[in-house]
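One chain, chain A, links the two complexes that follow: it is found with chain B in the first and with chain C in the second.
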Partner chain A sequence: MTSHPIEFDCVQRWYADRPVLQGLSFRVEPGTVYALLGRNGSGKTTALRILLGFLRAHHGTARLLGEDTAELPAAIRGRVGYVSEDHRLYPTMSVQQAVEFEAGTRPGFRREFAFQAIERCGFGKKQRIPQLSRGQRAQLCIILAVAGDPEVLICDDPALGLDVVMRRELLDVLIDLLADSGATVLFSSHFLNDVERIADRVGILHDGSLLVDANMEDLKRRVRRVAFVPREGVAPPAGDDVLRVRSRRHGVDLLLDDPDRARIEALRAGGEVGEPEALSLEDLFVELVGPDAGVLQNGAGDSTNQPQKTTEVAS
Partner chain B sequence: MVVIRIDPASAEPLFEQVVFAVKQAVARGQVAAGDKLPSVRELARELAINPNTVMRAYELLERDGVIVRRQGAGSFFTGRGTELAPTERNRQLQDLLRRAATEAFHLGFSADEVLAALRACLEELRFEGRRDGGDPTARSAENGESGTSDSRSKQ
Partner chain C sequence: MNSPDNSGASAPSPKAAFARALSQKDALWRVFFAFNGAIALMIALGDGGFFHTFAFEEGRHDAEFYTAWICGLALGVFAAVFDRMVGADDHLRQRPIAAEQLFWHRQRAMGSILLVWFLAAPLAGWVWLAITQRTAVFEPMGVISAWASFVPAISAAAIGYFGASLPVRWWLRPFVVAAAFLAAFTVIHHVTKADDYHVRWLYVSLHLLAAALFVGLARLACAADNDPDRALPAGVRFVAVPLVVVASILVMSGVMTEGAREFAVELWREYPQLARYQGRVRLADLHNAWRNGRARLCDGDHRRTDLMESDQWTHLRFGVPQYRIVSLLGFREPRWHRGVDSEWVDGQGVYLTRLGEAFASSIHGRRKVPTGIGPEHAPFSSGSRINSLGAGKERILVVDHESNRIYCYDQKQGFFVPLPLPDGDRLVRMRWRALPKGALQLLRDPLVQEGSSYGFVDGEKSSYFLDDGKWVAIPFVEKPEPWRERSPVVVGDGWLKVTVSVPASAGQSEFSHHYSPRTFLEYVYAGLAAGFALGLPPLFITQFSWQLAIFALAMGILLGGAAARRVRRIGGAPADRQLWLWLTIVLGPLGALLSLVFVRPRTYRERPRLAAAPTPRVFTPIMKELAS
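And now, the complex of A and B:
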C-alpha cells in the first residue's frame, strides 16, 4: 500500500449545531497538486485547519504524512508548509527579518531562493511588513513557505487579493517548488483558470462532502453538457452517469459522465437533444454547484434537483 | 524555434495540447533534428502549468520517438516522426481518419469535400518528402543531432 501524504477519512465537523463537514473523505497522492474547490462557506478552510491540527474533527480522522492531525508531532509540522488565508506576518518586522525568522525555524530553509523570489516580485528586503500591500504580503507568505522546502504545502486560497500578474508570479513560485522537489500540494482557490493550469486533481466540496474527486483531465475529457427538451410525459433521465439536471427555459441541461453515441441516441428517443459540449472548469463548477434554475433565470425550477452525491468521476 | 501555445480552458487535457503543439512544430518543419527543447521547468514556467504535466508530455514524445532525453543534457528533437510498429502506425492512422470522417459526415460534408480538405491540410504541412514514414531529411538530421549533443556542454 502506498502511503498518502494527505488523507481525510469521514471527517465531520459542526459549528454549534450547523454541520460544515459531513463525512469528508479523500486522499492526495504524493507529488501531486490537489485543488480543493467549493463555494464560500462550503468548508474548505475548516478542512484545511483540521488537516493542520488547528481544529478538531468531531468525527473521523485526518492524516498528514501518516499522522493523525488530532495529535500532530512537531517533527511533522517541520515538513509541512502552510499559507493561511489571512497571511499572518509579524507587523514589527521588515521583509528581511521575516525571512531570517522563518529561516531560524526551518533547517532546510533556502535563503537564496527566498531573496531572489522577493526581488522578482518587486519589493525590497528593507521594507517593513505594514508597508506591503495585501498582495505583496500574500506573495511573501508563499515565498516563505516554499523556501522552507516543505514535503507538503497547504495553501488556503493563496491567490485571494492578488491581481492577475501577481497570481502568475505565485504560479511561478509553485512551479519552482514542484520542479525542484516534487512536493505534494493541497490548495483551495476561487481562481479556476489558475486551477486548470496547475492542478493534477480537483475536489469540489459541497454540502459537507466531496461532490467531485477526479483527475483534471478526466473531468475535462469525460464530463459533457447536453441540452435536453423532453417530450410531454417523459421524465428527465436518471442514472449513475447523470451528474446534474438543471432546469432551463426550455427543458433541462444534463451534465453527463462520458456519454457515448448510444447514450445520446437513447436520449433522442425521449425528446430533443443538443450536441454534447465540453466545459471549462469554471462552467463545470457552476453547472455542478450553481443554483438549480441557473443564475440568470428566476423561479423556473419545477424539477428541483439537488446535485447528486457523486464522489468519483471516472476511474 | 518552437513556439508552444496552449489553452488551459480547453477541454483537451494540457499534456495532450503540449504533445500536439510539439508534433505540429515538427510537422511544419519549424524545428531541425538536434534542436533542443526547453527544460521541463522552463516550459512549465513559460506556459504557467504544472511541471508534472510537461514531464508527462515529454515522456509521451520520447515514447513516440519525436524527442530523445539525455540525462543532464536536456531533450532534443530526433528529426524523425513518430516511431511505431507498422501495424500500430496503421491502426492509429485508421483510427484518426475514421474519427475525422465520422465527424465530417455529421457536419454534412460530401466525400469529395472531405478529400479536398484533407489534401489542403497535407499540403500545408509539407508532406512531400515523406514516403513509408521515412523522411529523407532524417538521416542527415541524425548526424546533426549527434554533432550537436557533443558540442553541447552542461549548463
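And now, the complex of A and C:
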C-alpha cells in the first residue's frame, strides 16, 4: 500500500488514434497542493477523469487513496471532493437543496460549515442554481466539495470563465476553506498567477507526459533564461540542462536548468552571454510549451519515447 | 479531519439519507411525469366514456394503450438521460454511490411513477364519473381490463431506459430504443393474438416479461462506461448487443419485406391476366381496361398482341400470392373481447355488455339506468347482439344469443319486449345488404333507393324488414355469381412464380399458364423484389422462393466470414468473431452491416505499452524520496 494519496504510474490513454497521455507518472504528497498545468488538449482533464474513475487508462495505473481508480470503490469516492470545470450542479435545485443533497450523499458532510461559507460568500440559501452567476456557482461548487471534508480535493480548472475579480475571490474562498484541513489538492488551471499563489508543487503536462514535476520554489529558483550570441562556427549548446533553445534576431535564448557559474563561464567561451534571468511561472510555462514547440531540445535524460524534436540553431 | 455535522437528534441512517437525497434530486421530473402521465391516462380512460370503463368490462382500450406506451417510453428514456442531460452525471458519480445503486434507484423512481399512473388515473376517472354523471358504478373487471391496457407502459418504460442507457454512440441510442420497442411490441402483439382478440393473461405476462428482460439487460450495462476506445463488458457484448441486433434486423426485415412486396405487386400488375374471350380462356392485358374500354390479348411470352373487342371478355380473377402476405412489422391496440354495443335512436341510447346486461340512457339525462327483458329487467344471455332497424322510425333490437328470439326496446316503458317473426318463422341472421328489386315499394322510407344497403332479418321462411315496429316480409332472390363456377386455381409457393390453371368444363378445355418473368420490365420488377428479399434473414426468404433462401444463406456465410475477418483484423477477440459470424449467417446480410456499426476499429486498436514513463526535464524529488 502506498502512502501517496494520488499516484499516476506510467498512465497511457488514447482517443481513437490520438495518444493523449503517454506515460504520465507523478505522485502527490499528503497535504500538498499540486497544480497540473498544460496547454489546451494536453491531457489534464483526461488525467483527472482517469483519477476520478470516470475514464479508464489503456495502460498504467492511477491510484487514489491507495486504490486503483479502474475499480474505485464507492467508499473511496466519499473521501474525495471534485469541482468540475463547468461547475455542474443540478439546475432544478436551490442552493439549500444542493447542500442537502450533498449532506445526504456524503456521510461526512458538514452542513453548518457549508451554510456559513455560503453566507460569507454573499448569496442566499433560497436562490435557485440557474439564478447564480458563474462565479457564485464556482464558489458554491468549491464550498460543497470542501464541506464534504475530503482527504483529496480535485479541481478541474475551477476558475475557467471567471473574470479576474471573481477568480481572486474564488481563490480566497479555496484558501480560506482549505486552511488547516490537511487535504491533498490536485488542480488544473490556466491561470498561472493563481497557481503561483497557492500551489506547492507544479506539474507541466506536454504531449501526454510531464515536462516538469517540481516544487514551485525549486522550479523558480532553478530555471534561468540566458541570452546567448555564439561566435561564428560555434555549435549551439546542448546537454541535459538545456531545456530549450529559442532563436532570436541576434543569437538564441537558452532555458537552462540550474545553471551554475561554471556553466555560464563555459558558455562565455563560445560567445557572448547575458545575465541569467529568473522567470515568472507564466514566462517559464510559455518558454517550455510555447508555440514553437519544435525548438525543445533533446536532453540526454529523455526516454526513448519522448518526442525526438530538435531545431538547428543559427550560429 | 473535521467531524461531520450531525446536529439533528434523530438523524436518519446514511442509507435512508442517501435514498432521500437521490429522490429529492429527481423530485421535479418525477412529479412532472407522475402528474402529467396520470392526467393523460385519465383522459384516455374517458375517451370512450368513463361510464363504459367503470360499468362494463370493455373489450378494447385504444386510447389507453397508445397513451400508456407513449408515456412509458418517454418515462424510461427520461429516467435514463436526466442526469446526463443536465450535465450532472459526473457530479453524481463522484460520490459514494455504486453504479448499481444508482440503477436501482432509477428503477424505483420509474416504478413509483408507474404505480401512480395505475392507481391515480382510474381513481380520478371514477371520481369524475361519480360527480359529473351521478353514477357511482364500479365493475372491477372493467378496471382490470383498463389496467391490462396500461401494462405496455411498464414494458415501454423498461425498453426506453435500456435503449437510452446502453453505452453506445449517442446517435445510435434512439435507433436502439426504436428497434427494441418495435420488435418487442410486434412480437407480443402477434404471439398473443388469437383470431380477432388477444389473450389477456398472456399479453400482460409477456409485457411484464419483456419489462423484466430489458431491466435485466440495462442492469448488465449499468456499470459500463460509454468509452469507444475500450471494449464493452462481456455481458453487454454477448447478450445485450446481440438482442439489439436481432431486434434491429426484425424491424429492418419488415421494411425490406415491404420493399419486396411493393415490387412484387408491380410485377403482378405487369403480368397479363386471365380473361374469357370468344369462349376461351386467354392471357390478356387488362391494365386500365375499365377506363380505356380496350384490352389486348397476350401470347405465352407476355407480349401484347391483338386488341380485344369491348364487352366481349370477362375478367377471370384469381388471388395473387403476394397480396396474401402482409408484413408482420407493427402492432395495434389489444382487443380482449367484443366490446359494449350501443344503439341510439331518437335520443335514446341502450348499451348491451357482452355478458348480456343492458343499460338505458337518454341524450339529455346523462345517468345510465339498468334495463332488460320485461319490467323485471331480466338480462339477455351472454353474447347477445344489439342493432337498430326499421323504416320510418328505427327501433332498437336485441337478438338473444341462446333463445334466438328478437326483443325490441320499448322507449315508453323503458324495457325490452319480445318481437317475434310472423308465422312462427325462426331467425337465421340479421344483416345489412343491398336492397333487392321489388322491395322498394314495400318501404315507405323516401330516403331509401334501390340498390342501397338496408337492414334485414333473414328467417327460415322469408326475409323481413321492420316497418313502424312490425315485420314486413319481402321477396328474396340471391343473385348468382357465374364466374365463381370456374375459378382459376393458383399453384405455387412463391411470390414471383406460380402456375394458374382453369379447370376444363363443358365445351371448354383446361387452361394453364406458368407465370414467371418474361419481358424486360417483368425481369426488372422481379429483380428488385428479389434484391429486397435478399436483405432478409434466410428463414424469412422462404416465403419468396427456397432457391432464393439458399442463395441468401450462401451469401450470409460469405458475409459472415467477411465480418469475422474484419473483427479479427481490427483486433477483436475470438468470441467476438464467432458472434458476428453466426449472427450474419442466421440473420443474413444485415448482420454484417450491423457489425460495422457495433464493432468499431478504435475499440480494439493495438496501443503499445511504454516500458517506462519519460522522466520530467525538471524534477524535484519529493521529500520522502529525498529521505530514502
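Rule of thumb we're sticking to: the second predicted complex is superposed on the first by the 287 of 315 C-alpha atoms of A that agree within 3 Å, B and C clash if a C-alpha of one lies under 4 Å from a C-alpha of the other, contacts with A are read in each partner's own complex, and residues count from 1 in each chain.
Keep in mind that, in the parts below, a residue touches a chain if its C-beta (ideal position, glycine included) is under 8 Å from a C-beta of that chain, and two chains touch if they have at least 3 such contacts.
Worth saying up front: this structure is predicted, and the values here are computed from it rather than measured.
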Exercise. Check chain A with both chain B and chain C modelled on it and let me know: fit or clash.
Key: fit
Quiz item: With the two structures laid over each other on chain A, which partner does A:17 touch: chain B (first), chain C (second), both, or neither?
Solution: second
Quiz item: Touching A:33 in the superposition: chain B (first), chain C (second), both, neither?
Solution: first
Practice problem: Please determine whether it is chain B or chain C that touches the greater number of chain A residues. | Solution: C
Quiz item: Which holds for A:71: it touches chain B only (first), chain C only (second), both, or neither?
Solution: neither
Quiz prompt | Which superposed partner A:178 touches (first chain B, second chain C, both, neither) | solution = first
Quiz item: Which partner does A:200 reach: the first (chain B), the second (chain C), both, or neither?
Solution: first
Quiz item: Which holds for A:210: it touches chain B only (first), chain C only (second), both, or neither?
Solution: second
Exercise. In degrees, to the nearest 10, note the angle that opens at the C-alpha centre of chain A toward the centres of chain B and chain C.
Key: 150
Quiz item: How far apart, in Å, are the nearest Cα atoms of chain B and chain C after the overlay?
Solution: 14
Quiz prompt | Shared chain A surface residues [contacts with chain B and with chain C] | solution = none
Self-check item: Complex contact set, residues of chain A against chain C
Solution: 3, 9-10, 12, 14-17, 19, 22-27, 29, 52-56, 58-60, 74-78, 80, 82, 84, 86, 88-93, 97, 100-101, 103-113, 149, 151, 181-182, 201, 203, 209-215, 218-219, 222-223, 243, 257, 299, 301-303, 305-306
Exercise. Quick one: which bits of chain A touch chain B in the complex? Just the residue numbers, please.
Key: 31-33, 168, 171-172, 175-176, 178-179, 193, 196-200, 216-217, 220-221, 278-282
Practice problem: Show which residues of chain C lie in contact with chain A when the two form their complex. | Solution: 1-5, 7, 14, 17-18, 20-22, 24-25, 27-29, 86-88, 90-91, 93-98, 101, 225, 227-230, 602, 605, 607, 609-610, 612-620, 622-624
Quiz prompt | Touching residues (chain side chain B, partner chain A) in the complex | solution = 8-16, 40-41, 44-45, 47-53
